[in-house]
Each structure stands twice: as structure tokens, then as C-alpha cells.
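Okay, so here's the structure we're looking at.
We call the chains A, B, C and D, going by the order they appear; numbering starts again at 1 in every chain.
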């Protein structure tokens, strides 16, 4: 049954040392910043973190990495113009990196939630990211066998929850939320609003409550924060 | 054409070549310029892999919404007929072959359409791949936009890539400032040149070029 | 208890054993009787594999809506907090281990929890499996509801199934009209009997029974 | 670009002999009855049909089977109390049956749309439905390798489409629609209503227009038809 936590600290209190933690968000959209801050304050260490990136600037996941609380990160795009804390930890050999093409990352997370033991994907075939992996040619096309990414916890952000944990998201902030909620043993969700059960249209539920364990309401900022200035590294032409 | 193409002129050319009604992903960086030249009559729908179809132009001022960004994390807008989906659904759309075209930058493209655009291979580089491999393997047609030569004059269209690959045999067309190349099982054919000739290009390239049809 | 349980009494017993807050799938046929005995205080959420959580009781009269049916194709109703999803998402929910309990009928259950409930194995039978194998392998706990003996007196809880299997080692509990059995790595333990004794049952069964704790 | 067909006949006119056709619906919910009827009238034969069932009573898919237009059916639950046309064709050896557990059926259709070359599923492991298939034990659990089900056409039913083909469904009639639309080269959709583009909330779109090729509006019946009386075969207790 759903736990409604009073604070972000309370919501993440169960995250233990050595846990594997999926963290939602792509850029700032859908990033559960208050939950990550609470995780930082909570002190859990030796974490394996799964996120699309490896932290930006001096906030959130970047600070977890700066504090050396992340033993390993599984992500698709660690290197950004402002990923200096990751860069430093990586160059110092103090964080392990598993680099995964973004679509394989998403599909591997989805596979964990869906009970799939492994799947053959064309992405990465013939590249160095398939080195050491089982490959197979099926109907003339090359595929790589990829495995599910199971996790102990997911920290995600949604727009709204009802009291049985049904979630709706907002625009591109949906990104990894639904698949991460399903792939983790415990999904911890920060939302802007908690409504009564029955107030979310059953046709519009994106994450059914069965996947959600804890929600916490975080007051949205009075005025929207400025858009992030950081952009991903562009290919040198 | 009498002179080499600017980035914008190249983007315009790519835009003109995209068939009406196409679903298109423009990656990040230079290829996103293409969106500036798509006309409403083309009814092209833009996909962004972070979970949206029907992406509109870059957002400015009051339009900026931190929940509405593209794959380059730049604030964008939403057009009528848009839809949102989660990351697995979004990449399923790419990987399942539903996008008609994606346009990507490149370090190198090989004569058989191999793409190298994610890693310089430098031993101290921190690698980052993002959705490049998914786009390269998923779209029906992969167009590359790049300058044809490096600053020190070496062709980026090569017999075989020396940089780590993004995808194998995936590129079907290469748009460069000096020429457009079509890659197929018959080889690399020059479609058109800009301020140069096939002969001049061939003299500077190791890839065997087939002349325009 | 002094007499064998009726189907309804058995359903009531199963309902009482389901932990508050559980997500449950009741399959089709006899197990669906369980829903009649779940109390609102239990806050049990019912899943139907054709794409819904928060299924309510069977629909009657004006409530009948042909777009709202359960896995047995019977019109049902929707409770507050319900949600709809497509078939792949619905089975991902089952197969990913998110349901706490499913309750299924059976032809046979083996002493190691193998389930046979989809095919008699008769050579002329037209096979049909539906979602039975997905439920059997997916739910955290698989409860079986069945009569303990066939009409000709043979136990349906057997050392090894003779009917084709639905799932291997998946059943954790067997509710029958004569007893409830718990299946674990230690073997088959009788939890309680109805109008009979462990000794009487053991005399009629080839499976070695462990006594109630 | 989306084609809006004037009639169901026009919508299915492209379905050719020998085609593989996914047909949506579970029971009567989501069953594209008018499209199936048009397919029957259209005359295409030697079809491979994918549906959860194998036709009921004397309507729709059952008639296609009766007319021997279906060479092979891939389904999870052919035998029902009123599947007499399938039963007769099957016993006469005039239809090939590929029996697939329902979840594998759904996941195989999803895999086709998602570009997955194959996947390991626990469903069916150790049963006769895994005979002849590759199996593997992963982390102590048995899995069966299953392959995607690609198709030439999908015939599905949705509630509403806009003019770029975005779809919304209604209640449990959603069932196979979204995954079938994605798995077929051509998705043909009957809807009760076609609205202007922009009139479906982008957050509530279930099938994005990219997956939809043809829509046709079929006037919904003035009063809802009675609920189907047919129920699936119950396990003999």
C-alpha cells in the first residue's frame, strides 16, 4: 500500500548503503532534485546509480558523485560541459562507468520491470559498446544481447499522484519515470500535487499505482526556474 | 553550383530533400538547423528522443518551460498534434524503424555507410554516446551532415572508419559543404557538387566516387 | 472444521488470507468467486490481464459496457483509482512480478508446485492457453483453488503432474474442499483440514504430507 | 501521411493475398468488426492472422475462417464455446495453429514494433509450448527465447483519431491496439470519431500518429449491443 511521506528525507530514509538506485530525469526535466538532495543528506553510500547523465554543475547527482557516494554509474551521456565532478572522479579512478546507448538503457530498464531475462537489440552491434557481449545475426541483421537493469530503488518525479499511487507526468518530464518505477523494488516519487483517489482519469494514468511505493509532495517553486544553460557536447564538424 | 555551401545553405538543402509527411529526428548540434528550413506544406513531424513527437521551434522568453526540452536539453515548443511518451516507448519508435529520416553529424563515414560520430578514440577521452547508436540503427534513412574535409585537409568520407563506430552500414546519404553523396550497395555516388568537380574531389579522396547519374 | 468446504466457503477462506493492500489477479472461473468475499477494508486491487487495474464487481443491467470486460469476457465495473493499459503493459505487470497473488484453478498440482491447468493432454483436444502461463510464472504467490479429488477419487495434488504443465514450481498454496496445503522447499505441509484428518488424507494421497505447524 | 478512408472497404483494399494481418480486440472489446467484415468482402485469402482468439460464433474472424481464407492463425485461446468454425477447420487440417501464451503473444507483437530481435521470457519454460525453442537459465531462472511477430497490416479499433492519426481508446477496448499498430507495416484503424488535429491532449495520446496509416470513421451503433454471452472455457474443477 502507498506510503505518503511528509518530507523528502522521510521518503528516501530506506535507501541503504550499496543500493542500486534509478534516478529519473533528462536534463532538468523530470529530475527529482529534492529526493536526490535528501539522499545526499541521508548519507547512503557505495551506491550504484542509473541515470541518463552523470550529474551537471554543482547540484543533485553531481554532488553525490563529488562526495564519492556513487561507486558505479550506469548512463548514456556522462560527459557534458558541466560534468566536472564526474570527470574528476572518473579520471581519479574513483567511479566505475558502464556506458550504455540511451535506447538500450531505456529498454534494459523496461525489461527489468517486465520480467524479460534479456533481449537482442540492433543498437551497438559492431561497435566497441558490444565488445564482450553475445551477438547474433537474425534474419540478416546483427543484434547484441542486453540484460535487464533491476534496482532496489527508483527516485522519480511526476506531476500528480492520487492516494493509490497512480501517476501522471508533464510533457518531456515523463522520460524515464514510468519504466524506472516498474524496474525498482521500491519506487519513491516526488510530485507537485496529491489528489484524492478517483480524481485522475483512468484512461490518462501513465504509471499505475501498483508500481509506486512512496510519494512525497514537494511544493513547486513559486516561479519556474530558468531553463538550463547546459547543452550536450556537440559533434565537432 | 559555383561555391561551397554554408552550414545554413546545407541545412536548407537537406530540408528540401525530406519527403512531405515524413517523421524526422534531427539529433543535436548542426543538424537541428534543418528545422529552420522545413516548410509547413511539407508537414514534417519532428521527433525528439527524450519523448515527444510534434516538436516545434526553440522556445524563447515566456515560452520557456523546463518540462519541455529537446534531446540537446534546449527548451522547445509543442505543435498541434504533438504527443508525449516515456523513454522506452520513444526509443522503441526509433529502433523499430518508424522514423523516416534522421540527420546526424559525423567524425567519419565509410564508403559502406559505417558511421563514426560518438567517440574520438583518444585514450583520455571520457566517452558519451547518448542516443546516437539508436538513431543510427533505427531510422529508415540516416543522413549525415558534415564538412567534407578536416581542417588539415583529410576527407571524412573514408574507405574505412578509423574512429570507433556508431553504427554499421547505416548511412544512406552524406551532405557536405562540397558535395552530396549517396551510399548504396553499388558504392558511393556523387549526387551534386558545390564549387568543385567530381574529379577534384576524387583527387583528394581515397573513396572511389561514382559520377552523378 | 467438521465438514468439507463448499466452493463459496473456500472462496471466503482465500479472500480472508489475502493481505491488505495486495494486487491480485483472480483468473477466470471458480477463483473469481473470491472477489465476492474481499472486504473494502482489505483495499485489495484487482487486476484483469486484458488491461485494467481497479476492476470492480460484475456489471448488471445498465452498468453493462461492452468496452469494459474482464479476462473471462464478462462485463465488469470500474472502481475509483482504476487505470487502463494495453496488453503488453498488462502482461509486463504480471510477468515482471508485480502482482502479489494470483488465484487459479487446476487439473493437477505437483508436490514441488508444478501447475497443470491448461490442457488435458487428450490427443484430440484443441489446446488453448490464454494468460494461464503468464499468471503462473509472474505472480509473487500463486494460489490454486480446486477440489482435492477427481470424481473417481484420485488426488489432484500429485508427486508429479501427468497433464501438460502450465508452469514449473510456481504454486505456493493449494486451497481445496478438504484441506489447505502450503508448498515450499521443505515439501507439502497441511495447514488445516475440513471434515477430515491429515491421516485420512495421507491414506488417499501419494504425496508425502507434513503435519500442520 | 494519414489516409482517411471513406469506407471500411476502401480502408482494407490494400490487404493482399498471403498477408500477415494483426487483428485487435479481446472478446468484443476493441474488435474492429467492420474492418474484418470488409476484409471478408474484399476477398483476400491465404492470410496469416494474429488475434487473441480464433473467432467466435458466426461473425467477423470466425467467418474468415469458415470461408478458409486463413491459412494460419497465431493466437492464445482458440477453443471457446462458440469457436465452431475454427474447431471444424482445425479438425479438418485446413488451418495451421500457432498457440502462444497470451503474454508472449503481446510481448512478441511489442518486440516487432520496438525493433527487438528476440527476448527471453519465463512464460512457458518447462512446458510443451517451449518444445523446440531455445531456452536458457539466467540467474537461476528458466527462460524461453521468443521472436517478434511482424505483420503487413494491423486492423484495430480505437475510440477517436485526430487528422495526424493520434489515437485514444476506451477502457479495456485498448487491449492489443497500441502494440499492433506499431508492429505492422500498415495500421488500419476504425474509430467512432475523427477530430481536428490539436483536439487530443498530447499527454493522453495512446498511439502516436506515426504508427497509423489509415483511419476510417464507423458510425457507432445507436444503442450499445448486448454484452457477449460467450465466456472462455473454464478449467474443470
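What we mean here is this: a contact is a pair of C-beta atoms (placed from the backbone, for glycine too) under 8 Å apart; a residue touches a chain by one contact, two chains touch by 3 or more.
If you're wondering where the values come from, they're calculated on a predicted model, not measured in any experiment.
Listing every chain that touches chain A and chain B alike gives D. Centroid distances from chain B, each centroid being the mean of CA atoms, peak for C. Centre-to-centre, using mean CA coordinates, chain B is 36 Å away from chain D.
With centres set at the average Cα position, the gap from chain B to chain C is 54 Å. The centroid of the Cα atoms in chain C and the matching centroid in chain D are 28 Å apart. Shown for chain A are the residues that touch two or more other chains, namely 107, 110, 114-116, 121-122, 169-171, 202-203.
Among the residues of chain B, those touching two or more other chains are numbered 78, 84-85, 91-92, 94-95, 137-138.
Taken chain by chain, the contacts fit none of the simple shapes, being neither an open path, a ring, a star, nor a full set of pairwise contacts. Counting only pairs that meet the touch rule, the chains in contact are A-B, A-C, A-D, B-D, C-D. Within the complex, the chain C residues that touch chain A are 20-21, 23, 43, 45, 47, 53-54, 78, 80-85, 92-99, 137-138. Of all residues in chain D, those touching chain B in their complex are 1, 110, 112-116, 162-164, 166, 182, 197-198, 202-203, 205, 208-211.
Those residues of chain C that touch chain D in the shared complex are 7, 28-30, 48-52, 59, 64-75, 78, 84-88, 90-92, 94-95, 104-107, 114, 117-119, 124-134, 137-138, 145-147, 164-168.
Against chain A, the residues of chain D that register as touching in their complex are 107, 111, 114-122, 136, 138-139, 141, 143, 147, 168-171, 201-204.
Of all the residues in chain A, the ones that touch chain B in their complex are 26-30, 76-80, 86-87, 90-91, 99-107, 109-110, 121-129, 142, 169-179, 206, 224-228, 230-237.
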